[in-house]
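In the part that follows, the structures are each spelled out as structure tokens.
Each of the two complexes below includes subunit A, the first together with subunit B, the second together with subunit C.
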Partner chain A sequence: MTTKAATHDEAAPIGGRIWTPFTAVLAVLVILLVVVLGVRFVRGIGAVTNLNDGYPWGLWIAWDVVIGSALGASGFTVAFTTYILNRGKYHPIVRPALLTALFGYAMAGASVVFDVGRYWDMWHVFMPRYAQLNSVLFEVAVCIAAYTVVLFIEFLPVVLEKFGMAKAHQKLDKALFFFIAIGVLLPTMHQSSLGSMLIVFGPQIDPIYQTKALPVLFLVSTIGMGLAAVTIEGSVTALALRRPLERELLAKLMKVGQGLTAIFLLVRFTDLAVRGQLPAIFEIRTLTILFWIETALFATPIVLLLGKGGTQPRRFFIAAMSMAIAGILYRLDAYLVAYDTGAGWHYFPSMGELVVTIGLVAAEILGFIIAIRVLPVLPKMGRTRTAPATETH
Partner chain B sequence: MLTRRKLLKGLAGGAGVLVAAPITAEARAAKTLPDKALGLLFDGTLCIGCRACIAACKESNGMPPEFTELGIGDYWDSPLDISGKTLNVIKAYRDGTGLNKDQEKDGFAFTKVSCMHCVDPSCVSACPVSAMTKDPETGIVRYSVDACIGCRYCVAACPFNVPRFTYDTPIPKISKCQLCQHRLPEGKYAACAEVCPTGATLYGPVIDLKKEIERRRALTPGTQTTYPRGKIGGTDTYQGPAGHYVARTYGETEIGGTQVLHLSGVSFDLLNKPPLPTVAPASISESLQHAVYNNLIAPLGFLGTLAVLAWRHMRPKAEVAPPAKPPTDADDGGAP
Partner chain C sequence: MSRKLPMLAPQDPIDDLEGVEKRFGMPRRQFLSFCVGVAASIGLSSGAAGAVAKALVAAKRPSVIWLHFQECTGCTESLLRAEHPTLEKLILDIISLDYHETLMAAAGHQAEEARKAAMAANKGKYILVVEGAIPTGANGAFCKIGGKTAIELVKECAADAAAVIAIGSCASWGGMPSTSPNPTGASPVAEILGKPVLTIPGCPPNPYNFLTTVVHYLVLGQLPELDAKGRPKFAYGRLIHENCERRAHFDAGRFAIQFGDDGHRQGWCLYKLGCKGPETYANCPSILFGDVGSGSWPVGCGHPCIGCTEQGVGFTKPIHSLAKLLTVTPPTQFARPAEEQGQGSTLATVATVAAVGGLAIGAGARLAKNIGNHPDAVDEPTAADKPKA
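Take a look at the complex of A and B:
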């Protein structure tokens, strides 16, 4: 079956120098992150963050975990399209998408370790003795951990291929379908739960954002963000490495994204109307201004991708950026701006928090660059891309 | 374009469960007060602001002193708020000349800040590792440092902003009032109530505290009456004038009710005790989770569908049967 052959035969390490001025800068940012974390582990969370009892969760949770994993939705959305819907032609972007997801989730997992105060007891989450099944965070933690493992397994063929372990590779191939399936299920669970997590905050979340539709809104926007991440990553890789752009595939993914953003806005406004909160969005205050910026960012891809012009790389790239930023802003607003625990509490991320978050992003990009240079992730250069028939069956 | 439609349709299967959940969610029954629930009654009209309860709370819970701008140098424990070092404080409201007790204009009033021991606590619902638990008998909301992972979900979830975290140490933990449960086996009770000279903080079974509230509300303000001091049903009493109360008893209905109840002579809004919904956010959150994850039926069903599809499409070697689908991209019809 050519569907399989398409992936395995046609991916190759792109080779080339790992150390360039750009990767060196990334490495420095990662070193800074390590330094800040050193201080955090010796002197406590308060020594490097602005977290307080009014804002016990800050940038590290909102960005590194909630947003990082949402951008990592690239993995499951593309796996879903390719394997569940059997769109074999998406094969060339499966591996880079999985890799992006793997780094996104690994970083989310890593950031939990240093955000959690009593990290040495984190294993409690996995022990039936401690497990608290009613806790949304319990579901999120177990599910994200499980999915990170699944992502490793999904990506494992690439490593096995690299080291020529054909036998193991064959064995894994037989079971891979199950990991692909579970690798779609788990993110739908925890990505929606990342929204549900705010429900127990009750009136502390502004009524514009506090709704039982949170899980739906989070899930739908996550898929959009995942698709946007694949598109951005594909476009940037093509540009930076002077490789052909998977133009048709990315344009189609963004078309799906366009539909999802439309659904997101539809659900959001219907929910606001049902809950009688429409007048609230016309008040003038920080949160409503941010709400409208989000709405504009969500609407941009819908407009940009209308008609035939939507397949222009520039258009769908901008649409993807807008979609990703919209999802990011929505999460930051829901987790940090809409959250108000009473008078007298303030939070703005500290230098240390920013250094850590930037360092994590740098680590992801650095890891991605190294991986595509040494592992067979990207499609082999020089293959023809014009005959989809040979790529499917 | 079919690609999009197909993807959306496929996703709808999984998302359908989610969308349906909030609508069909069988609300999990609201939690009710345990029969033998223990609690506190804080009557702001009786409080004289002596802060004896703050000192007693520190002592019997082994909490360190806290030095703030209130004190002079590092001599006096002078907490301004509850914190990782302080489980209980008395806060004052002051307006204008601040001369008249329990008056909103030109007056002052006191209020107590400590855990409310909610009937349906958000902190318990939030905690992923059962470090926050509600005693089924006494209803005391307990914290176990041995279980806690320090995620601070409880801190964020509590609508009264009660659990506090020690950010200034590499070995942090949560601090919150546990109604002095460690003193119960010794035959003692809440230290803050025990030392209160006027009975403003009163300890006892919640049912009895509620009766006492009714009794106080029935009195004519200003007339002399006898208040129980320390714990309800004891012999220790205090003579004083009956208070003039605002209509609301704070904690009666707030997020499903609490075991610590407050009476006040001034509006609770002025005391930083804002009105809260009567439905516990914990019950909304848990109803939703249960609807989606009810015995994992929906997720497992979804997984089954996914696995079958993935297996069909990824079967090694075997020709993937393309039943209704031509081998080419013809189904992408309209795409350029």
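Take a look at the complex of A and C:
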């Protein structure tokens, strides 16, 4: 870990105005979120959601928890490639990736609190005497909670740097390898468990999606989504803040992503063939249409990144978008569309659920903007750019 | 039961039963359980079984004159094929069938003599059974027996009969021969006689409805309670629809639409194939046909009821046309097997999702466009890599 400081580009807060029209819009969305949550905690979960006995989970779990944490996989994938494989050149993106992950997981954890009916009993999860060790959900809950803490510890050097606590920083650095190792292990556990959770539902999940390969599919696509999230975040930061684009770095990450999506499609179609479900994907119904949209989105990065042109920013950015949307759609389909708990049950997110989810995304973006302006997250600018203004929002 | 029954005290021995085994060719126990069944089917208490048994073994058997007119003899055929143990023996033994064109050995003048002799000997006591419609066109010339038209015969025989029973739809209301344009002027018995008669409609009628009516007469000395169309209420009191084994499918809106389709194969309701069960009074689903167990009736084996017992339905309405629903009319939309539960999408939520999705895709496209214009996207390394380009 001593090499870390040497290879790490020095980071610094980028400063600048926090309040812009864009952040103001985000703040309004966050205020709406707080209002809806106020109603939810005062009048109960039924007052703001469309959840019912047939669909006891909905958008808050499928999007905020499952997809939110999957996009937050940027943290562990980058930590893995950087620290474990000790490839120092990935360092400039470690901190923003960790920040993205921290927000993703914090929001996922928060969403669970919103979604659990009797949230006041939630501390039971952490009491060994209440533990149900055979439960996938228990594994997910403890693992995500633990990983959020680990993420915070991983990100702690940034905070310590900010407040000039050099001694504490040094001490933490010595122990950090331990947390980084755990920080790589934990997400592989719960990200695959998020797939296993659907196995538990058996025939309530459509045969096209219900497979013993779900943990593998979820884990592989999660890593792809994490890499895509880092690429998108790196590109957007470069554009919006007129900073240098870590072009080679991101292109390499997406090259890994390309391989992962190829593995994903290979596993998925092999599994469908082995289970004799290939004819089912050619039926025409909502789920199969979504399945083919997913497949097309997963295949896009594979095609786009072929050959030397794959390092073109526009190409790998579109590939990253496609990869992220594919992973998002795959999770929405598996968790909500392929999930049928019996005739007659309906679910579509209510306005309240939508406001909370949109508000959480807004909170993440707002938090990220404030963090990079205040904390040493992004690398110090070595060269100044006079790039043409590219207003992106 | 308000009727006065010739009830037997339990200790009262039925002496005559000793000869039962020999006479009917059935064990005494079997005979008695048959009597219990008969008593039950005409709505008498089980105690009346003794009365039934007594009536059946009575030495004096009522004389029966059976006339055939415009018909196919299906009624007689089905009656002969009643398969309860030795029932054909029973029916031939409890009544004295003095004239029956299908069954009697006599022919020609000999047969006519027998009829006249029986009518004279049992004046006012015999039962007249008429099978087939009576042609009235061309002065009845379409059907003559022994030089007499059907009209003359039925009037002559009915004059001194204790009771007149019209068996089958033809005799009851005209049946198939009376189907428009009805060139022979086929008419039911009641119309010829100008008074109501007991009718056992059906094509063929269930033999047990006839047998039970006869036994009722023998036991109680009177005919069973009839409905407005002269049909015994015990057999024709309810719509086929009411006791149909497929009724649950009707109520749930599960219909066979075509012969051989999925619904048809799964035994769904045949209403939409033209089943006339909802407007036809008969006990077919309860007592079935042919004594071979469950499902042995038209609807049971997959064919819609054609309404053969019902005037204006059977042989009148096309088999495929929808029945008039006399009781429950199915709603135009049926409740699904499961209740609709939970809330679906609203215009506002769909619009919000679409707006957010559109915004995301728009922003993504804008970003994709701009990223190509980023200073670092200008190909320094690739320009060196590809000098040819």
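Everything that follows uses one rule, which is that the second predicted complex is superposed on the first by the 375 of 393 C-alpha atoms of A that agree within 3 Å, B and C clash if a C-alpha of one lies under 4 Å from a C-alpha of the other, contacts with A are read in each partner's own complex, and residues count from 1 in each chain.
Just so it is clear, contacts are C-beta pairs under 8 Å (C-beta built on N, C-alpha and C of every residue); 3 or more make two chains touch, one makes a residue touch a chain.
Fair warning: this is a prediction, and the values are worked out from it, not measured in the lab.
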Open item on the list: After the alignment on subunit A, I want to confirm one thing: do subunit B and subunit C clash, or do they fit together?
Closed with: clash
Task: Partner chain in contact with A:I358 - subunit B first, subunit C second, else both or neither - done: second
Task: Contacts of A:I45 with subunit B and subunit C, given as first, second, both or neither - done: first
Task: subunit B versus subunit C as contact partner of A:F163, first or second or both or neither - done: neither
- [ ] Considering only the touch criterion stated at the top, classify A:K252 as touching first (subunit B), second (subunit C), both, or neither.
- [x] first
Task: Superposition-derived comparison: subunit B or subunit C, residues of subunit A touched - done: B
Open item on the list: Tell me the contact category for A:A238 with respect to subunit B and subunit C: first, second, both or neither.
Closed with: second
TODO: Quick one: classify A:A343 as touching subunit B (first), subunit C (second), both or neither.
DONE: both
Open item on the list: After the superposition on A, what does A:P313 contact: first (subunit B), second (subunit C), both or neither?
Closed with: second
Task: Partner chain in contact with A:F22 - subunit B first, subunit C second, else both or neither - done: neither
- [ ] Look at A:K174 in the shared chain and tell me whether it touches subunit B only, subunit C only, both, or neither; answer first, second, both or neither.
- [x] first
Open item on the list: Out of 99-107, 171-179 or 261-269, where does subunit B collide with subunit C after the chain A superposition?
Closed with: 99-107
Task: Intersection of subunit A interface sets (partners subunit B, subunit C) - done: 52-54, 248, 308, 311, 342-343, 388, 392-393
TODO: Using the touch rule from the top, collect the residues of subunit A that touch subunit B in their complex.
DONE: 1, 3-4, 41-47, 49, 51-54, 56-57, 80-81, 83-87, 89, 115-119, 121-122, 124-125, 130-132, 134-139, 141, 170, 173-174, 176-178, 180-182, 184-185, 188-189, 192-193, 196-197, 199-204, 212-213, 215-216, 219-220, 223, 248, 252, 255-256, 258-260, 263, 308, 311, 339, 341-343, 388-389, 392-393
Task: List of subunit A residues in touch with subunit C within their complex - done: 50, 52-55, 235-236, 238-239, 244-245, 247-248, 308, 311-314, 317-318, 321, 342-351, 354, 358, 385, 387-388, 390, 392-393
TODO: Over in the complex, which subunit C residues touch subunit A? Could you list them?
DONE: 336-346, 348-350, 352-353, 356, 363-364, 366-377, 379, 381-382, 385-386
Task: Sites on subunit B touched by subunit A in the complex - done: 1, 3-4, 6-8, 10-11, 14-15, 18-19, 21-22, 25, 83, 122, 125-131, 147-153, 155-157, 159, 161, 163-173, 255, 272, 274, 276-277, 280-282, 284-286, 288-289, 292-293, 299, 302-303, 306-307, 309-320, 322, 325, 327-329, 332, 335-336
